[in-house]
Amino acid sequence: MAVVVRRTPRCDLELINEISSFGVATIHEAQGRRGLMASRLRPIYRPIHVAGNALTCEVAPGDNWSIHVAVEQAQPGDVLVVTPTSPCDDGYFGELLATSLVAHGVRGLIIDAGVRDVAALTAMSFPVWSKTICAQGTVKETPGNVQGPIVCAGAAVRPGDVVVADDDGVVVVRLEDMVAVLESCRQRERNEDEKRSRLAAGELGLDIYNMRDRLTERGLRYSDESPE
Amino acid sequence: MAVVVRRTPRCDLELINEISSFGVATIHEAQGRRGLMASRLRPIYRPIHVAGNALTCEVAPGDNWSIHVAVEQAQPGDVLVVTPTSPCDDGYFGELLATSLVAHGVRGLIIDAGVRDVAALTAMSFPVWSKTICAQGTVKETPGNVQGPIVCAGAAVRPGDVVVADDDGVVVVRLEDMVAVLESCRQRERNEDEKRSRLAAGELGLDIYNMRDRLTERGLRYSDESPE
Amino acid sequence: MAVVVRRTPRCDLELINEISSFGVATIHEAQGRRGLMASRLRPIYRPIHVAGNALTCEVAPGDNWSIHVAVEQAQPGDVLVVTPTSPCDDGYFGELLATSLVAHGVRGLIIDAGVRDVAALTAMSFPVWSKTICAQGTVKETPGNVQGPIVCAGAAVRPGDVVVADDDGVVVVRLEDMVAVLESCRQRERNEDEKRSRLAAGELGLDIYNMRDRLTERGLRYSDESPE
Amino acid sequence: MAVVVRRTPRCDLELINEISSFGVATIHEAQGRRGLMASRLRPIYRPIHVAGNALTCEVAPGDNWSIHVAVEQAQPGDVLVVTPTSPCDDGYFGELLATSLVAHGVRGLIIDAGVRDVAALTAMSFPVWSKTICAQGTVKETPGNVQGPIVCAGAAVRPGDVVVADDDGVVVVRLEDMVAVLESCRQRERNEDEKRSRLAAGELGLDIYNMRDRLTERGLRYSDESPE
Amino acid sequence: MAVVVRRTPRCDLELINEISSFGVATIHEAQGRRGLMASRLRPIYRPIHVAGNALTCEVAPGDNWSIHVAVEQAQPGDVLVVTPTSPCDDGYFGELLATSLVAHGVRGLIIDAGVRDVAALTAMSFPVWSKTICAQGTVKETPGNVQGPIVCAGAAVRPGDVVVADDDGVVVVRLEDMVAVLESCRQRERNEDEKRSRLAAGELGLDIYNMRDRLTERGLRYSDESPE
Amino acid sequence: MAVVVRRTPRCDLELINEISSFGVATIHEAQGRRGLMASRLRPIYRPIHVAGNALTCEVAPGDNWSIHVAVEQAQPGDVLVVTPTSPCDDGYFGELLATSLVAHGVRGLIIDAGVRDVAALTAMSFPVWSKTICAQGTVKETPGNVQGPIVCAGAAVRPGDVVVADDDGVVVVRLEDMVAVLESCRQRERNEDEKRSRLAAGELGLDIYNMRDRLTERGLRYSDESPE
């Protein structure tokens, strides 16, 4: 009863490429702090960066069959997002699957489970975020859904949502929010550039952000003696 | 009542050097997916690789005395495999012990506990897989067994079994299985070379592995509408 | 009811710079194995090293306001030490705060929580030890104590205690112990240099440290047959 | 920018009371193994059981303000489902909030964070599933969304979805699936009753489920000697 | 170089017995949310409660020798607080030591490590909070400090500080703060009694605590449509 | 290529019933502190106790097929010991399988994975030690070895080894060691009975075990002033 959904929306790659110039932390702030995957997902090398359309895939524990099914649904600019139906650390993915994904234009992999062949994946510069690195292989007995809505590492992902990942983690931007989030990112970055210059010159955040009165109001006081 | 067993078998270094050209994931598959240590053992630097005869050593929690005892039993081509008798994260091993092991031809360390001096170990290119990195030192009060059968990170290891480790983890090949496993590795690699070319050319795993009928039989279906 | 203590002691930077030539493992041994932070604190890049006066800061969960307060108390040679009042993995600290700290001469950050912008922090060579890397931002609603005594990752830290951190972890040296610990470090290092040469020449630790009699006394015996 | 959605659907309590006679494991199977929350959510006492309409609530780390907001939206038969916007172990909920929920007909609490006053909650027989038990209190500074769609412990939950929880864990049934899932539960239970009698009489699952041929086909063989 | 400090202060048992009528959550709030041990310390049975003077004890990993040393320093009304010098899950403590402590008037045990014989400890109603339950025994080779200042499960404890523990966890009250904390506990409890009655009658926290205006100010808004 | 070994040794049930009067901690000490499973295995209810011949079973992740195969190999007095070939938290075992095991005289279950139906298992008084409680079901696609040698939760187990488990954990006694271990248990218990009486009378362990001189020799000293 696994289903592959073939006609799914995708975000325009121009928008994706533009958002890819922003970091995950910036995008997460820009969209009101939503859509972040759990920090247990770590990149296999650093520095690292990817952005693309989510190609979603559910796998059974210890079973990577549906990843093969997902490859056929791939389009250039996709990022494969894989979630197990129950927690598993096995190495679902290695060099051969990466070779296949690259041949179909897939830009990277997000997986809430394990991967293997990480020396080869690193040598290929194929970006991967995973929960574990583990040599344990998988079987091909139980297919899972492909291109359905999933929850991956605590974040809801639908096919066509945009996934951006870097050294800090992985964030999902909903397709319908892309234009607004991009605009918000641009504003945040302009704002940060100005702040960065003032902070580098030694100005205090306390003054730049006018925090002193509010801190006093919230009960902060200064003392010349230790409270202990 | 700790025992050091002096006459233990060892595998021929030519066989070991040959198996060392294969990755841990390949070897693990080739021997029917057995002998893999838990993925909590991580290398201190990457890329990394080692293969050798297991020199086994049990240590008490917070006590590294038997590692000194083990050094005397070392022979060129050994890999030291250390397991604590109860879980411990202390730094059992550092630069001085590595210097001593190198002087006796030991190729690397597998330890289900902590190590320290990792900057120096990395500078020496001494390969180490450990559960933790921790500066906490150990005492020398309770000796443990050396060259007895142990369980390390979930895998049974006997002296003279062969240990191979790389970026993906650590696998144990039983001495008596070495010739068969090597042959199986060679076959797998030839098979993978062919698959890699076809996948790189864009052929689908679904077709290369003839998966389509079996997927249908197992209930996979395609839809042009989302199941939600 | 948060308090900022303004007049706190600091250790002379000459002493700090001298202790910074020793590794964390050496310092920890030299002061009787005390003051080590938990090994969950990991550096964001390697190799890495820092030593400085502890500038202490408590933060509420998901709230980094008091880090801004701490910056104003910074003096050149400080290392910022941040502990949350309950466990939290959020990214409390990123590039902008690092820019501000650098402008005030702060040498690094120790935080028992998460950080973000690690690609930028690495590019700046700003040394950070943290529990997690996480893009999740924080709010500014609840100030915490600055320059009070804290417990960070299991170690007690007072303002002006000296913090040294490297690839192996983080250790705290009490201000009043600095001179004695430094002298003990120097002795240990001389001792280790001699040991290293002898071990490199193939001498056994069993002989260098005269362990054989005591091992026998503790029940170690040698056998030519396996105990199993 | 937190939002409270006031007009949300709810499932008929008769259906909920009927599904509450089935265990979580049965319901999870009956709906195709979806909707299970992560096993880190544990009940504060056992045996324990609840079923109700999900009243969803997001909380900031260390901040339980929106739970107070949620109480006003409660209707008899609801189960409060709380998820933090980033991982937190604090004790968000205790006896006073339970008293308030009981007064409004709420049947229990599911929270992917900590609770406190568990002796009192147990004495009240107020059913709670939480990630931790922790005395650490929370602040009231940052409101979160109430009755929006959330992800809690890895499962997507919308207001009006039905939550069932027992000693085995917590499962979410989508409102639109309730009738079909109930029917499937009834069938499974009839089927299990028959199986239970045959198994109790000593019949083997191998025979009841006709597994022998398929096991042989999958490579199972019997031996009178150990493979080692 | 382990030290046993013999003349340490103790709090009057009358004060301790009075504070023991309050829960850990109340005491923690009453003293400004400080002094809570990490929630990994769990009671071996429930319901459970203890309060007493801290009798502090450091143990080496896998070595419980100093617990025997500590018994001699015990006075009626003490609670033994044990912390390992590096993390360890071994069973440091069982029925025999509990028998000895009871004979000297010790009221319970807080240990950031493992215990064993929990069936017997439960039958004796000897209250214990530990990190693990583990049958693994310990050696007696390395003494540790007794009645010195320690950090246990993230909280600083000095001999004579008061330790209170219940189903929710463990809190430390500094000796010098006892009178003030007691008074604050009494006030909190009176306040809670009134709140409890009003909440039980169905009044909303939003109204009792006057939260509505401040919630609006912080951006909370109500909607009759889902934000998604 | 899974194998079921049919002719395996078993220990006499009289010996097993006799050892079952001793606790796991005592047995573990009596056999030189070996054979203990990791403390992550916890009983589903307490107090709890079982002893029996190990009936060993390997399962694939998320696949409980070989448990059905194992039932056919069961003999009265067996304890089923199940280990997954890679870590998995799924609920491999519930009421139906327990019913089947009871019908064949199996006394309990040790599993380094999850179980479900724990309310029913508790009501049946069927003793279970597991890593997790989880409602997630499993498939039947990949058989595993039955009655081969395994590693379960860090301990090596062969069919016919004796497994004893109680509130403190799980220990394995090798078949060939049973007589000696039993004798050693009896001696330990006699010894403990005497110690218990003396400790209950207030005598100190320091005196009973003659520890004072050795403590002084190891550097313990007494002080009337705090070392800080």
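Per-chain numbering from 1; labels A, B, C, D, E and F assigned in written order.
The definition used in the following text is that a contact is a pair of C-beta atoms (placed from the backbone, for glycine too) under 8 Å apart; a residue touches a chain by one contact, two chains touch by 3 or more.
As the structure is a prediction and not an experimental result, all values here were calculated from the model.
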{"item": "Common touching chains of subunit F and subunit A", "value": "B, D"}
{"item": "Other chains in touch with both subunit A and subunit D", "value": "C, F"}
{"item": "Copies subunit E and subunit B - interface residue numbers shared by over half, same or different", "value": "same"}
{"item": "Interchain centroid distance [CA atoms averaged], subunit A/subunit C, Å", "value": "30"}
{"item": "Centre-of-Cα separation between subunit F and subunit B, whole angstrom", "value": "27"}
{"item": "Gap in Å, rounded to a whole number, between the CA centres of subunit E and subunit A", "value": "40"}
{"item": "Residue list for subunit B, restricted to those that touch at least two other chains", "value": "1, 33, 36, 85-87, 89, 134, 136, 141-142, 149"}
{"item": "Pairwise chain contacts, counting only pairs that touch as defined", "value": "A-B, A-C, A-D, A-F, B-C, B-E, B-F, C-D, C-E, D-E, D-F, E-F"}
{"item": "Touching residues on subunit B, where the partner in the complex is subunit A", "value": "23-25, 28-29, 33, 36, 39, 42, 46-47, 166-169, 171, 192, 195-196, 199-202, 204-206, 209, 211, 215, 218-228"}
{"item": "Subunit D residues touching subunit E - in the complex, by the definition given at the top", "value": "1-8, 65, 68-69, 71-72, 89, 91, 94-97, 99-100, 102-104, 114, 116-119, 122, 132-137, 140-143, 145, 148-149"}
{"item": "Subunit D to subunit C touching residues, read off their complex", "value": "60-63, 85-90, 134, 136, 139, 141-142"}
{"item": "Subunit A residues touching subunit D - in the complex, by the definition given at the top", "value": "1, 32-33, 36, 38, 85-87, 149, 151, 154-156"}
